[in-house]
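Take a look at the structure set out below.
Order of writing sets the labels: A, B and C. Residues in every chain begin at 1.
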Amino acid sequence: MPDSLLVVEDLVTGYGPNAVLKEVSLRVDAGQSIGILGVNGAGKTTLVNAIAGLNPIWSGSMLFRGKDVTKVGPEARMTMGISLCPESRQIFTSLTVEENLILGATPARRRVPPLSRSQVRARLEKSYNRFPILAERRNGGGGQLSGGEQQMLAVARALMSAPDLLIVDEPSMGLAPVVSSKVYALLRELKSEGLAMIVVEESSNRALGLVDHCLILRAGRVVLSAPVEELPDHSALVEVYLGSTRTERG
Amino acid sequence: MTGIFQVFLDGLSLGASYALLALGLTMVFGVLGLVNFAYGDMIMWTAFLAASLWAWGLPLIVVVPLTIIGGTLLSLVVGEVVFRRVGTQNPLSLLLVSFGLSLVLVALAVQVFGELAFVFPSPEYLSRVVEVGGAQVSVLSLVDVGVAAAILAALFLLLNRSELGLMLRATAENVRTARLMGVRPKSMVRLSFAISGAIGGVIALLWFMKVGSLIPRSGLDITLKAFIALVIGGLGSTRGAVGGGFLLGFAEAGLATWLPAGWRGYQQALAFVVVVLLLLLRPQGIGGRVTDTSR
Amino acid sequence: MIRLQWRTDRLFGRSAFSLAVLSALLIGVVVLLAAVVLIFLTKGQKNQIILVFGINALLVVALQVFVGSTGIVSFGHMAFMAIGAYAAGIVSLPVAMKAALLPDLPGVLKTVELPMFPSLVVAGFAAAVVAGIIGPAIVRLTGPAAAVVTLGMLVIANQVLRGAKEFTRGTQTFSGVPKTTTFIWVFSTLVVGLGVAALFKWSSVGLKSRMVRDDPLAAETCGINVTVARLIPFVVSAALTGVAGGLWAHYITAFQANSFYVLQTVPIIAMLILGGAASITGAMLGAVIISTWAEITRLLEAGFSVGSLHLTAPKDLGSLSLGLALILFLPWRPQGITGPREVLLGLVRRARPTEIGGPVGEESPG
């Protein structure tokens, strides 16, 4: 078995008394890109939040680079090499664009050996090269960027810590199709550079065009897990997505 | 007829203390959501520490840093022992717990120090009055302003030009996302308590040197002033806190000087009325944001 | 079938409403009877304490009307008690005394000398008017800010009362108020107060206030005026507190502005918060528990003998223990003992099967 970057087994978690995820398992190998799809409420965001450590894991286990991180908090997971671009980006509006980026490097500053200040600066410049629009707005407030620019910033911020695994939650949400394409072009570029990633999307087309492997969640369970080439045809896919209308009720 | 410049200086000196108070409160509020009702009482305890150190004959040069350290430690302990269990979910619970803490601190102080007033000594040279631009001002007032300016500058540098400050500001805005940046909220909470306590130590010295005497119940007045300055400035805004403090200081100085004699008894009340009017016009205070959420 | 229940604040139907108000009145009657029994048992030794408890209970219930429906903790309600006390005092002081003690009273006030009932009405009215004037400034603020400003309100009231020598004798004791408060007055007012609290809570106005408490933004989109929804309980609460102030004035007969300050606020707030701010039952429960505890600490502070040992508790044991209670209890149970639940008489219908499946009844899982 190739060295898996992330192994999640029988994950159960939820909010209050309600379990949202019921025994979800998945695996991400180095360099692999996984798409997590499903309708609203299926548990996609809960899943990636649990992987990032924002939601505590009730039962099941999670291994990252071979280490058990089930009980580890998000700060430590970030330091270990996971990076999450959360749903709706969550750019710090009280900070400038540059400050948002610098903050993104914090997990790397915690590592052994820690990233030095000059190295952070170097990464910052690299980010600006890759995202000229951010360079232009570097001293502006984070909240002054457009939706697409904020998504770029969120990804750039996540990359500042040079993660081994990048998770992006609904990158195209609220963005015009043209802008979404730009975002996906960026993700494709990162993928070609060998970065492992998990992309969560509600609409499948874009994600399926990007990732190697696909996971479909429905009502908190994995109903399909397959490489993209082996996915069933469109109508069958819709059935898997939504569930049969006759035998299942809300 | 006392001139405007005199009032300005008086207001500046008063405002400096109030700005520091509001800042001390805001540091913790920003990160934890706690409006600390016990802040004045914590400062009271720190002042008692200073008074005790003095009574043991230690010189000013030793008392000042020890007091600041004492204030910092007290704040850290309080944060760890009392407020940690409440968590960040419930700002109202935090406020009420701080209310309970205030009761405990005062009761303990009465037990330990009794109800009689302690004379809070201040070095002789601080009470001398000098003339600045035609107005009379005590050396202590000048020190107040100078110290406040220094602390404000230091805090500004910390918050805006340092990595720690960046993490603090991020935590104050959005804890969840800050965690995704590898920031540990607990450390940020501790840091904010430490800063708040250090400022409290400074205030303990400046405030009681000015007032001259200290009793266990002295904390309430401090808390009130701090609260009002905080609310004027708008909760959650450090700039607002500072602005609110100075505004309160100027208002008090102006009222003290220009209020007709018959109204002198209402001086404090009028200052509060001004505050209430301001809040009627602008409920979010000077620097606050316009949202009707629990913060 | 009418049953005693322990349930959260949801009601359906007019009969449920009447029963809810009745329940509150019943609580008052139960407390009244308990007080009578206690007086009998203690052979009249503890009359004072029981009477003062009645006034404190009224204060807590009054505070509950505001805090329970808006979620804003008012640290300044003592201001209304002060206003009520002074108002009652001014209008009921014998004219002869007024000439001596308050020679500068304006016109009508100089000559009026009201008996108990109108005096209490004036007390409540005065407090309500003040609440109506300053209320809009306070209720537009959010949680902690509002609590802070209510504290400021108390300070302002204190200063104003201390300064208004013509009306209040300034910092000197205001004395000579007729001692007309009796056990009956206190406890019947308490019952009325409970009724008012329940009437408010279960009315549509009360419901709207709670909607604003739980989600101001959502409430606004439903067309509820947030300021009004918070202002009404503020005024009602102030009125009841003012009446309590009047009762107090007619009991203690002599007081000053400092009799109604932060120190006196502490136990009332503790009673409400620990008992359960969202519940009238909670308010009463808190009042009973803390008052009992206050008695115990008073006895301990006075000292007692165990064998040959004479033990005295530290002087501020009362506030120390209250503070500790808040610190320890709140993180564990921030909603107080009762939470939002009330002891209510409720109507329970038998279950009826429907087409959709499952029985329907008026019981809620509460």
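In this text, a contact is a pair of C-beta atoms (placed from the backbone, for glycine too) under 8 Å apart; a residue touches a chain by one contact, two chains touch by 3 or more.
Here the structure is a predicted model, which is why all the values come from computation and not from measurement.
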item	value
Distance-maximising chain from subunit A - centres being C-alpha averages	C
Innermost chain, where centres are averages of C-alpha coordinates	B
Computed distance of Cα centres, subunit C from subunit B, in Å	32
Subunit A and subunit C, separation of their C-alpha mean positions in angstrom	53
Distance from subunit B to subunit A - Cα centre to Cα centre, in angstrom	43
Subunit A - residues contacting subunit B, complex	52-54, 73-75, 78-79, 83-84, 86, 90, 92-95, 99, 102-104, 106-107, 109-110, 157, 161
Sites on subunit B touched by subunit C in the complex	29, 35, 82, 85-87, 90-93, 95-97, 99-108, 110-111, 220, 224, 227-228, 230-231, 235, 265-266, 268-269, 272-273, 275-277, 279-280, 283, 285, 292-295
Footprint of subunit A on subunit B - complex, ascending	163, 166-167, 169-170, 172-174, 176-184
Subunit C residues within the subunit B interface of the complex	71, 73, 75, 134, 136-138, 140-145, 147-149, 151-153, 155-156, 159-160, 162-163, 170, 216-217, 220, 226, 262, 266, 269-270, 273, 314-317, 319-320, 322-327, 330-332, 334
